[in-house]
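You will see chain A twice below: alongside chain B first, and alongside chain C after that.
Now for the complex of A and B:
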């Protein structure tokens, strides 16, 4: 069964790629050109300002064992894998840009990093210091924000996510478009950039940054596992009045199985819960009219251009988070599943029993629980022999 | 004879098919009914601990249960051209990028854990860092009086046996520093030329036996046994400048342990030694901060 699904996925992906490749490539090139104009300033400014680890923090932090158990009993690891750190956009950021309160050795207990502070990079479109503050503002207004939404203050504010609850250190996921799409950097594509942009790692970083942003930063299964940190926790769901194990029910769907088997195109939580084209941090509760999963918006969400663009309105009737184990909420699905499972088991085990008994008969051809009189037995044998 | 052979082959063939049929029936059950309800090792551990603490578990007890759940968790990041699988560390932002071998040969970590240093707040993380590639007895057991100096060798974290100097010492990849799957530990050279660690398999077996039988001992016996186990531990452990020194000969024979000259210079460099010597008053120069003299320095 797994092989079938995989094959089908591969063929779907292949067909889809063939049909959309030219559009994607043109769109990609346009994005590259547009971003090149503005983004060049961003990077050139960054390179002018930044030098790798000026304070030589990795003198100590390059050791894997640099760690302790904090007062709350949590394991605190202070190791920096320099090789991986340099594979992401933060490579241009100094340690002190984020860990701003650390200013002496030995360090005082550090404060939690504030992702909304301004760093020394300049954001090219507005020519202002770069900050993640706009993202935090969007998040604050979303269902994940703790800002009062006109009702009472949110309950259990400690459950609401901070940036680092969902984001670990971002890493580039470069793409090559040179001859067909493939993961990684196209050395031949990059060599064209380097014809003009020869200083430092400018061309490599620009290429990595832009091509990474032209696709999802995480594969579908990673996104689901990320959301599952909270929404897979039954106590959490109960505390916030959220119904059912939405993670388990997602994995049961075709979408979930495709994601599980590694499909990058399979829809994950973000695809359905963020309004098409909006900031991914702007998820609204299902009751909100602005939500992508609001009753009135579901069909539009499903019929997004990268998904079921040709589907009818009825697609909104598809139940994504059906809990097949809940007979009270989903009695039809529950009993239908039970019926088919037992039907399948009945058919298969019936034939398995027949085969087993047939084999047994071959071992003991004369065996019988009913003892026949000797004369009758002989007559039966002779009749059988004649026939 | 041939008929008998045929009959045997036929019987074996039938038995094999019957076995396959039974196995197939067993195999079909989870295929039809799914793995619903099947408990993982993690689930079993959580259930057992939950049953032990009962319904009204405290926050600490719940934290313990969470730790049990998280101990085997890994995190996977698929970059398309490479997949990073690493140990999951709750709340850790930066990528670790590697899994770590636990030290199953140490006689200390069974009780003290792999992150044992906690008292000296300013240097505890540094001490734990050293515990990653040095056995506890390297610093905490030292020759006394006129005892000859110890010899040092690397041991495999998993097997506890002497291993050759780790090739990782020569790597230029700084992210692998300290992560050699081996630790430095003291021992003695015997007359026959073989090497014996101060704490080897025999001592490990002794400690493991003690932990197993501990509940059968009375309080006095426990104290006595703990004294015996810790009898070689020095009250004054080796401190930083015992090894990170420019003036004297370092306590650890770096060259014999396989450290290349480049690493040797790093470990005894002015940068490291100077930082250790001036530890308490060494401040990061505020290169990036405008506005003149640092307030702390000014106050001093």
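Now for the complex of A and C:
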């Protein structure tokens, strides 16, 4: 069993389970109780994971209550769900491949996993050991990278994303697995592969490997929320001199609204900010000529074959991240909103005044706002009587 | 009743257009003379059928109203959650209607029905106008086209409502309120269709607009579409629903939108000039009024006197 999950869990737990010690203790006790009640169930899972777990890490990590409060006071959960792990991308990777610093059991607190180290898998197209290093290199050159930018050292390096900041797979989210949610493997589809590839799990693994890259793994709103973890934070924007709250303004657009309501087709951050057909990790800043949102590239980005393919060049002019509350930058939009607000108020008051007067007269025919002098009133009555 | 100069002129005009025969003219004039000067007495006491007595809307107008109000409400239901996206009810409400991928299809389908209804209306009124011109019966005062009289009517009506007049002004088939509402709806329809097209066909608009404009066009349309819709909703909820549903004496609703007929009492109160035309055009209405006046001595009826000026002697 791969211990690198722990590290991922650490980061997730740090964010999500920041709580006080007593609550954690109660949770721990509950988990222990669960652990003993369902021991048999976990045992059966343990065998499934045995293939990738030569060091038998799950001997301990199979317990749902395996957790502690670290030096920083954060609750850390070290439980590994073997069922989910075996459906994940790292099922054939040994725990020690990533958690290389662990060399005894029981072990000391493990170091943060370096995703760029070589693991014991062989990359099938060449014969080299597999590593995520190429992706890391692309990422490093992108707007999200901290090196090779040809500028001075980046400020606030801690703000730049590490692999696990975006790749927080559901697998690594503790206690968030749901009934009936299986990995996207079609048994019927697989049966075709298995006609020839009969040995081992090759067909399953290959199928998973390919389809997980072809399928959209997150709905649009999840992508936006992922990016919003940093880009929706006002202090973050200020630290990095970014323009306005791009997340809030995105939600204002029809793209954003469709995504918000869970539409799969709605374009999210990646669709516009990554050059069509290129690696997500290579995302570049707007100022860079290589960026999808660079002035010269916007039109091509909008007119990608899945989007506004038939649009004219001018579609590049459509404003997306409009801040309607900023009269200096978007005066037209700002004052138009103002206009509609006053128009609405004006229309409402106008109608309500008329309705109020009319109701008054209809319900209380003798009521008058402006009282007549008594003599005139009398003469009015006599005039009416004469009629 | 002594008619105002304006009403007299209108009555004679109507009789001329209808080629009313001399005995009929005499009958009409006698009837009008027998009416009490105080119209309030008349419409407070006259016998009316709640579902309507006098013709007002053709079947086409009724169909257009049905199409427009059903599509309008459903368009609002499918559109509101998108505008008030943060509200607690927005997502469940949208989900209830099938989720955004369904409501966007519903919204566009309904929009096309609403556009059809609008075109249908334009064809109807154009055709109707041409037809009445050919017959020589066309009278611009009988249409929704606003004139200075509407401003005067509005002022007089406000004075009546605030207790400064004893009678409402003599208004035509379409009073100032209806004209305001009609043109608000027409303008709203135009804005909604135009801005809606910007969202449905962003590609085409991007190709058609000059560079500098494209930047603002989409934003302007986005603001216009949602706010015009809200404005329309406010107008419907406060203005239209009050006038045709909630006003005392009208509750729960005027049935004109279904029967196409207006009650006699309502016609006399708010559309007196049109009632005069009804007298000219409908012999059965003359018979009714004559019988009614035979049996009711309106001059002996009591009428609440408001502490205000008597009805201004009709102009002239």
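A few comments on the model shown:
Methods note: the second predicted complex is superposed on the first by the 269 of 387 C-alpha atoms of A that agree within 3 Å, B and C clash if a C-alpha of one lies under 4 Å from a C-alpha of the other, contacts with A are read in each partner's own complex, and residues count from 1 in each chain.
FYI, a contact is a pair of C-beta atoms (placed from the backbone, for glycine too) under 8 Å apart; a residue touches a chain by one contact, two chains touch by 3 or more.
Quick caveat: nothing in here was measured; it's all calculated off a predicted structure.
Of the two partner chains placed by superposition, only chain B is touched by A:62; chain C is not. Once the two complexes are laid over each other on the shared chain, residue contacts for A:362 go to chain B and to chain C alike.
Of the two partner chains placed by superposition, chain B and chain C are both touched by A:352. Of the two partner chains placed around the shared chain by superposition, chain C is the only one that A:322 touches, whereas chain B remains out of contact.
Contacts of A:104 after superposition: chain B is touched, whereas chain C is not reached.
Judged by the touch definition given at the top, the superposed model places A:344 against both chain B and chain C.
When the shared chain is aligned, chain C comes close enough to touch A:311, but chain B does not.
When the two complexes are overlaid on their common chain A, residue A:335 makes contact with neither chain B nor chain C. Residues 344, 348, 352, 355, 359-360, 362-363 of chain A lie at the contact with chain B in one complex and at the contact with chain C in the other. Chain B contributes residues 10-11, 14-15, 17-18, 21-22, 24-25, 28-29, 32-33, 36, 60, 63, 75-81, 84, 89-98, 100, 115, 117-118, 122-126, 128-133, 173-175, 177-179, 271-272, 275, 279-280, 282-284, 286-289, 294, 296 to its touches with chain A in the complex. Residues of chain A touching chain C in their complex: 251, 254, 257-258, 260-265, 308-319, 322, 324, 330, 332-333, 336-337, 340, 343-344, 347-348, 351-352, 354-355, 357-363, 365-372, 377, 380-381, 383-384, 387.
Within the complex formed with chain B, the chain A residues making contact are 54-56, 58-60, 62-69, 73-85, 87, 94, 96, 102-106, 113, 120, 164, 167-169, 171-175, 183-185, 218-219, 222, 325, 341, 344-345, 348-349, 352, 355-356, 359-360, 362-363. By the touch criterion stated above, chain C contacts chain A in their complex at residues 36-38, 81-82, 85, 91, 94, 99-101, 104, 158, 160-164, 166, 177, 199, 202-204, 206-220, 222-224, 227-228, 230-231, 234-235, 238-239, 242, 247-249, 299, 303-310.
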